[in-house]
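A, B and C are the chain letters, set down in written order, and residue numbers restart from 1 in every chain.
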Amino acid sequence: MTLDVTDLRKTYPTGDEALKGVDLSIDGSETTAMIGPSGAGKSTFIRCINRLTEPTAGTIELDGTDLIGLDDDGLREARRDIGMIFQEYNLVERLTVMENVLTGRLGYVSAWRAFRRSFPPEDVERAYGILDRVGLDGMENKRVDELSGGQRQRVGIARAVVQQPTILLVDEPTSSLDPETSNTVMRLLTEIAAERGVPVLINIHEVDLAVEHADRIVGLHDGEVVFDGPTAELGDDALDRVYRGGDPPESGESRAVTAADDGDGSVGDRFAGDGVVTTDGRTPDRPASGGS
Amino acid sequence: MATERRTWRRPTAFRRREFKWAAYLGLVAFFLWSAWGVGADPARILQGFGSGLSLLGDFFPPEATPRQSQRIVDKMIESVAMAMVSTVTGIALSIPVAFMAAENLSPKPLYYLNRGFISLSRALNVIIVAILVVKAVGLGPLAGIITITFKTVGFFSKLLAEDLEDIDMRSVDAVRSTGASPVQTLIYGVVPQIVPRFAGLSVYRWDINIRASTVVGIVGAGGIGSVLLTAFNRYSYQYVTAILVAIIAVVLVAEGVSAVVRRRYQ
Amino acid sequence: MTSEVDAARTWERFDRRRRLGRFVGVLVAFVVFAGSWAFLDMGVTNVETVPREINDLLSRMFPPDVAYVPEIVGPLIETVHIAALGTAGALVITIPVALLAAENTTPNAATYWLGKLIVTVSRSVNTIIWALVFVVVFGSGPLAGAVAIAFRSVGFLGKLLSEEIEEIDFGQVEAVRAAGASPIQVLTYGVLPQVKPALVGLSVYRWDINVRDSTILGFVGAGGIGVQLFRAVNAFAWQSVAMILIVILGVVLVSEGVSAYTRRLVR
């Protein structure tokens, strides 16, 4: 598996430059954490990879396929191989756990079978296996809105993993969770990825979590990569470059603050879509202010 | 990995899956029965819409001679005037009815009597009321005013009575404890609590009354509706469309005004 | 003003400007009322006889003619059919219209305005006017009535449903799309579950309204119990009229109960 991103740029209609030419390539099955203050462009970057946000310029190649040149059908096929886990879980609240997990198989069934919830038996078996793995056995018929935050994010992980992706993109998986649950979720995520040999790209602004769980760190500041190297090499000056001038949010209290910041900064972002949605309600990442 | 295959079926809101199928089957059967009862076979519907398309040419473009335009304007003003008068009379009459229909303020027999009146007013369509009133008092806007007033009382006093039932009795008691008379208690303890919603509801009902006043004429109760019926009966469909455009315009303006006023008030 | 001291607490909520505003409001209402009354030129003598005339009518309705019931069962069932079929037809048309008229699911600005136009025209024209139109198209009979009911309901359902669609959480939709789902799958998995309670609730509510509306279609020849009622009124058979009204009242109350119960059930 290779993901090659070159010179990725994103300028929102409002004129905000979220990404100013990002190069990144991921090989093998390492866990890469992308750190940076709120508004550095982390979310935009991840969302550009599977084109939930349409990039302005640059190339994205997944195993040699140029994702940017794909038409709608091609893009749907490519997306089947990209598992995505969201900050606010983004589960379909009124559906059951099982239905949410099986959402990950939608790319493989017809609209009519999907409507009747009649998935192939091996998909159902696979879903059960993953639910066992993430510790949600016996919960398949619970409605998602009855679950706790940690349980929801486990469903989110299961939904992404059941796709049998070649890469997992994870957008701030812990910002809606308490510190302890955050740690459990991160461990689960990296373990599952290792078991399946799938590389993970995680957006995270909690540096301590990144250092604990990732093999490699990418530091983003104001739309540009300012650090890229093994976790061991991340020193104070590198952190200083990423969070220029500000204190890196390491302690629990400052984490709470940045989490809240990030929450409201991404509301507009979630509405920036493609396909069915065309009314252009795109809002850029908030300008770097919260963390820096 | 376990070798046994696990299957999954979506849980159903019904107690058993059979019930679900029975319910859906029953519903489909009912609709088929309805379609049969109404005589809606697909061929006829298609044919109808086919002839509808060719009729479309008869309806468009909207057209009215100067005399007809004048008639539209005159009768439309009559409609609006009817709506104005009956909104005011309707609301004025609603106030006593609402107080008598509020469970916490009214003695039981009076309560049931007024609730019955409200249910009756709400259950009968405005056209049915109009047709009866026309028989009683004769053709013309007076019948329309009585009709719309009657409907307004049903709508308004129900909502107002519910508001009255929800009021904070403690402040009413506070007023009463000073030795205020029943009327004073109403004015000082009850009225201030319901006034804000009252204003919004009045405007909302005025909006509904404008709509009603444009149709009661079809059964002879005054306003633009009578012109519309005449146009239909004379097969002058372009004139019909002109009248419809006028009605839609007035209804939209009323809706806009009502929305703006209500937003201001909240 | 014996209670002035205590009541002052309640009155404090209104300052002078709002009190003035309310006074002006009442004044305007009164002027409009008087102006409209003068315009309609009905005189007062005319009004004085109204209570007697209505009283007269009511007394002639009593007692209701129970023997007439067998004759109204058929038209009554037809009325219920018209309401059911009209609602079902409306639902089929409404779903695409609502998707067009919702800002977040419409393909482009032109389709958005098309959706809005359909909703507005449908809503602004009363059921009985639609019935007049469709009697021309389909000829007299219940089919014209059912189509009229459907056309009026599309606006109501389309407006409320599109507002509901605009309120959905788009993150859920996006996650489904990110898994590689097709547009139709995105609708059935991402959008539909979120608006389903509203969809069911609104349809049942509109069905309830449609039962009431179906009772009048007969006046313009579009079927239902209105035909019977119109005939009885024109024949001055007031006791039969009273019986029909009672039956209508019963049906309306039942449908209101069913509608309220179903809406409570689907949450």
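Following the convention adopted for this analysis, contacts are C-beta pairs under 8 Å (C-beta built on N, C-alpha and C of every residue); 3 or more make two chains touch, one makes a residue touch a chain.
In UniProt terms, the chains line up like this: A = Phosphonate ABC transporter ATP-binding protein; B, C = Phosphonate ABC transporter, permease protein PhnE.
Just so we're clear, the structure is a prediction, and the values are computed from it rather than from any experiment.
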If each chain is a node and each touching pair an edge, is that a line, ring, star, complete or other?
-> complete
Set A-C beside A-B; more C-beta pairs touch across A-C
Which chain has its C-alpha centre closest to the mean of all protein C-alpha atoms shown?
-> C
Geometric centre distance via CA averages, chain C-chain B, whole Å | 6
What is the distance, in whole Å, between the centres of chain A and chain B, each centre taken as the mean of its C-alpha atoms?
-> 50
Overlap residues in chain A, where contacts from two or more other chains coincide | 99
Would you pick out the residues of chain C that each touch at least 2 other chains?
-> none
Across the complex, what residues on chain A touch chain C?
-> 50, 52, 76-80, 82, 84, 86, 88, 90-95, 99, 103-107, 111, 114-115, 156, 159-160, 163, 270-271, 273-279, 281
Within their complex, state which residues of chain C touch chain B.
-> 2-3, 5-7, 9-11, 13-14, 22, 25, 29-30, 32-33, 35-37, 39-40, 42, 46-47, 49-50, 53-54, 56-57, 77-78, 80-82, 84-85, 88, 120-121, 124-126, 128-129, 132-133, 136-138, 141-143, 145-147, 212-213, 215-216, 219-220, 223, 226, 229-230, 233, 236, 241, 245, 248-249, 252-253
Chain A to chain B touching residues, read off their complex = 96, 98-99, 117, 121, 124-125, 127-129, 140-141
In the complex of these two chains, what residues of chain B are touching chain C?
-> 30-31, 33-35, 37-40, 44-45, 48-49, 51-52, 55, 77-78, 80-82, 84-85, 88-89, 119-120, 123-125, 127-128, 131-133, 135-137, 140-142, 145-146, 171, 174-175, 177-180, 184, 188-189, 192, 195, 199, 211, 214-215, 218-219, 222, 228-229, 232, 237, 240, 244, 247-248, 251-252
Chain A partner, complex, touching residues on chain C are 103-109, 112, 169-190, 193-194, 196-197
